[in-house]
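After this come two complexes, each holding chain A, first together with chain B and then together with chain C.
Now for the complex of A and B:
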């Protein structure tokens, strides 16, 4: 319930994530200077191919990641304007719109450096323009998108922006319908066939990269990189597991701050050390009884990609109501989330499987299983659906998931509209009203003596 | 005798309701004085208190709701419109299962359980489609008084298939229909049909239930009720005072907050560790099966291959 008294910040974010922020900043600085360092550069989108690029001796740029970084720094505007000027309006995925704008600005910057071009665009603020255009031009593209209706066209357009002169490699991913009799999460004929299909393409990618680089691929380096990543992913999962505690020692927002490291940083000891630090700080909090939200009263699940320009804001907003957001599809069902699948001696199959496990690549049956499983495990009281305006692949099944959670677990849900890298779709009052209404709903049920969490749910299905 | 005040400071009108210990309405007031008007709110409160023969000091509890709920100085607590409309409507129409509230700036569909508590709800996103504002745009475009809109629409027969849901674009579409020479009765009825269809989409998000109750200022429009009933293929009930359900619910909540048990406090237990309960996860040395908690050792490094 909303108190009329003054609100204060009750969030208590992990301090260790600042170290992750520095690792990420260093990574981007190295990428910006990669050309001068004599590296070949690959632009890619979708699943985390970085271990392959690392083993191939390349510098890599993940398009969504750079768009998210610009949005998190509130610097996405110039790139989006450049994208709009090129012809892509606000209905297009804001990751792609931002990244395509970066392509335009990068190309424009290269033309200026060579004395062949001039600024004619609408983008004006010098420092922002510089940040958005600091990406080095690619030598080639690799697309690795699963379950996304925009991803392949996005890289296809990037290919056009750069004059259709750069090589591009596309990996196709079967959608995991999950509707065959033996189909299940990580099991069944469909899963095995799809895993083999993508694994085969990864082998073709590696042969293609050998052609692009003129060097034999370093398989030992790939195993070493995946060994580090597997260890980091295990630590991440252990930390996530510890957050089932009541009150929870850390929240979904802390794990959002850990997305960049697990998603695209090099597989090395620094990555392992970082996630060990995250796990250790969570353990210390558990031992000391320090919660991630002061006065935790509600435990929530968050379904949707992150609004990257709202991380701090959302963290504070939920905390001010005593709501600890603990789990979510974007965190628990993405980013090397099943490290036991990775055989470091022969990592391609486990990698292929993780690319298939993109949270937009499951049929509703599997999504339903995963969502309800995590709601139960974290004993959540309600679900917040971020209806990501320009990512319909993510939002498509959300109503089904909400209905299933209500019918099966008796937990309520709310929806609010926003976007991954465009704050204009977000309206604070809409989230505030709906969130508070749901918390009131939970309070009323508690007053009536009902258990409100997903564990020991309210009872049988509602009609 | 104790008395409780509920104040609904909405986007276009302020409502105040006073109830007694039994939850019976002693006085109610509705004042329209512009967007989230504090002056309008104060006037509504003053009028309701005067009608009940009370002073502010006589009140045992006050709860506010509506867009401006945080601006009501008398309120000890505020609740959202969702909670208050469900509470007030359940008290006015016992047994209600679906509340459709169409106010000045938003519309909402709320399913209510058999105990009168909110089960699920959906609200319009961002724009004014399907709200009171939309009807105002229509009335302005066809140059009729808002109070005459309903009877006018009930006289219309031809469905002109108005498609615009943005109030601004709809005005353009209405002007276009006027320019084509269509009768204003047909235009009015067509817009009402379009709004009913929009409301039906909102209802679809929470599930159609019955009895259905329509509340909010728009509920006073007989055509809105008629076309919504056609769209739902079900009778739509309008309570005697459809605009005060939110304020009434707030007053009832003020009574319950003062007399009833306090909200459950947060779990003060020491942190507890929870193992996997279902298969599928994997962490540390775990193989994804339900098991006891697993932890890595103190030395963190890459395992020897």
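Now for the complex of A and C:
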């Protein structure tokens, strides 16, 4: 670690993402003040339901996002400690463990504040300073988790931690396993059936929200919000496509910094402006020949959820080796990644389809298709798998994907262990030694005059 | 001469032996690997196949290590290993109804490395309060039936399904009676014997299982000279809770009873949970199988389901009161996320009720039995101290 800090920083992150950081900070500030502003508050997990909540006039808190935020700011400790004291095992999904710890702290905070505490819902008064946040307690829960069974159970337990007093709505998502012969990415009988099923549940959710809020749902507001989100998503895809250039003008780490805006910020002009800014800065860099990594020598794919408390560190670490991490399942196959599916006049089906397209909701056949496709398109030399210790959903198919990439494209892969929101699982020496070994392997092949990128791979690996 | 009970134990410990024998006796018929915990065996039996709940065969994970991460639960890593080392050759196809993400991971491995083995995943709606849930479950049961018809090339008739339901119910009732007797204080079978009986029920043709079980019980009764009650047992009465999907190691069960405790009840999958619920025998049999799925989460709530009006914690308290258990041992397979999530709710409820409890985290490879023994003995001591002092 110290070695990395002492070496020259060759990463060149986009400057525009700082503006995104401000948008996100403003969002959280608004959420923390939502109770005082007279808003009802919904806690939710899984797919991005925020356009529906926005149209319903609610304030929304995405559980994983809050856990990720705490981890990114290195403020996850008090919540995880509260969760551990409550009985949650350290091997449990650290998103859920952190968020459930927040629930425990919220309740402790409420009980400390006699009388009005329940309504102000301040996260553990005693821990407020460390958390640097004030998460308001929910009025109700909505679960929208595809792929990972733990996600659904997590909100079921949040409901219990809050004493089974708050309403909860669940959306069930069929796992896109692919039983039928015509099953494929965005195609086949199963895909259409699942899309219709989830769309129907979204209609039920909206009716349920009308009951919770006592107001008719604003369908025009939903269309408007989805219009902004669709435009932002299209700009995001444009920017991603521009990063196929050599050298790449921006990297996976820049796109990680853009996750929060696309995942839960309100659909509005500010969101569109932000992603226009991202696309424009990338384009300017392309025109000026400015790379995302100084002296790009290697192009890599990253598979795994982000290790949120290591974003800056990892971006510098890979850059110092001349490794540009360009693409990844968490970026390219998540977060409104198929904007053409969204019909802004009738947005529910496209929204349902995006919830189903959660990158943990596919069988390995589809993931194999997506991973190899992206490796080819970005002409990567190797894959780095973040073996995310407490996320079984993301790690499940990784070994199969590594085998397939080697056998089909001839590109190597390494695994390193870390976690989404628990820094204790990160193993620096393992990543360093394996990364160096893989890059040396790529160098050796180049010295032998072999092609190392995925783009030119025509068949099985050469032995 | 091998007793009926020994035959059941032999099947539990060597599923392959039973399956190979069954194949010889039923040439041309399919053997299906069924993944826990909610696939309705009745449907597969009605299709003329032998549905076998794939067991953790307790062999060390070797090849499987390169297919699933080490922080997957031991059962799913064992499944991957069974597939990678050829032990899945026992099955002509694999069927799965549950969407535990770790189980999906294991099934995906099976599908990827055994492309010639069909792996069908029909996801049963696991949010049990969804108003659309029951209709979805009926529809999925229909899809299972269609898949079975495709696999066998024969229709699954309503009559065949009704017959399969009846024979399964008969077997379940016989096994459940053993658990009820044990909770009522007349247990004559050890936890290992009971576990073997349940495990063999997951593997065998239910008619054969019921026949052997009836024979075993008659034999046990004769050995006791017709006495129906077990002799008084002054050990601490404990309830075993948890251990979903696969069976706890037999040696752990033996250590529990060798440490001054006697197991009086459980909610283990390889225990009462598996036999908790019968399928209704009147009405449409497919709909009855769907209702069975819903009802068993009411009869013994499972942390893999989400149901706001079915509480595992309050069920556990009631079970403890019914059996007179003086302590609860939570058996938590390492990395089992549903159990990890629900455990604090169980702990809170038992603590509030003043019931001593102990959590034991089990691992696939290597269990520290002596360490467990010390902790169980401490629990037993604690339970002894909380016993009412005789007047």
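In this text, the second predicted complex is superposed on the first by the 433 of 463 C-alpha atoms of A that agree within 3 Å, B and C clash if a C-alpha of one lies under 4 Å from a C-alpha of the other, contacts with A are read in each partner's own complex, and residues count from 1 in each chain.
As a working rule, contacts are C-beta pairs under 8 Å (C-beta built on N, C-alpha and C of every residue); 3 or more make two chains touch, one makes a residue touch a chain.
Just so it is clear, the structure is predicted and the values come from calculations on it, not from any experiment.
S.K.: Report the partner of chain A that touches more of its residues: chain B or chain C.
M.R.: B
S.K.: Of the partners chain B and chain C, which touch A:92 in the superposed model: first, second, both, neither?
M.R.: A:92 sits against chain C, while chain B stays out of touch.
S.K.: Which holds for A:373: it touches chain B only (first), chain C only (second), both, or neither?
M.R.: Touch status of A:373: first partner only.
S.K.: Name the contact category of A:18: first (chain B only), second (chain C only), both, or neither.
M.R.: It touches nothing on chain B or chain C.
S.K.: In the superposed arrangement, which partner chain does A:74 touch: chain B (first), chain C (second), both, or neither?
M.R.: neither
S.K.: Check the residue A:180 against both partner chains and state whether it touches chain B (first), chain C (second), both, or neither.
M.R.: Neither chain B nor chain C is touched by A:180.
S.K.: Now for A:447: first (chain B), second (chain C), both, or neither, which partner does it touch?
M.R.: first
S.K.: Examine A:397 and indicate which partner it touches, taking first as chain B and second as chain C; both and neither are also allowed.
M.R.: Only chain C is touched by A:397; chain B is not.
S.K.: Enumerate the residues of chain A that count as touching chain B in its complex and touching chain C in the other.
M.R.: Common to the two interfaces on chain A: residues 399.
S.K.: Going by the contact rule set out above, which residues of chain C touch chain A in the complex?
M.R.: Spelled out, the residues of chain C in touch with chain A are 66-69, 71-72, 99-102, 104-105, 108-109, 111-112, 120-123, 125-127, 129-133, 136, 147, 303-304, 306-308, 311, 332, 334-335, 337-338, 340-345, 347-348, 361.
S.K.: Which chain B residues qualify as touching chain A in the complex?
M.R.: 64, 67, 69-70, 75-83, 115, 117-123, 125-126, 205, 260-261, 263-267, 269-274, 276-278, 280-288, 293-296, 300-303, 305
S.K.: Touching residues of chain A toward chain C in the complex: what are they?
M.R.: Interface residues on the chain A side: 86-89, 91-93, 96, 143, 147-150, 152-157, 159-160, 164, 168, 170, 172, 174-175, 177, 179, 197, 200-201, 204, 360, 363-365, 387, 389-390, 392-393, 395-400.
S.K.: Could you please specify the touching residues of chain A with respect to chain B in the complex?
M.R.: Per the stated touch rule, the residues are 1-4, 185-186, 223-224, 227-228, 231, 234-238, 240-242, 244-247, 249, 269, 272-273, 276, 279, 286, 289, 291, 295-297, 322, 337-341, 344-345, 369-370, 373, 376-377, 379, 399, 406, 412-413, 415, 417, 427, 429-430, 433-434, 436-437, 440-441, 443-448, 462.
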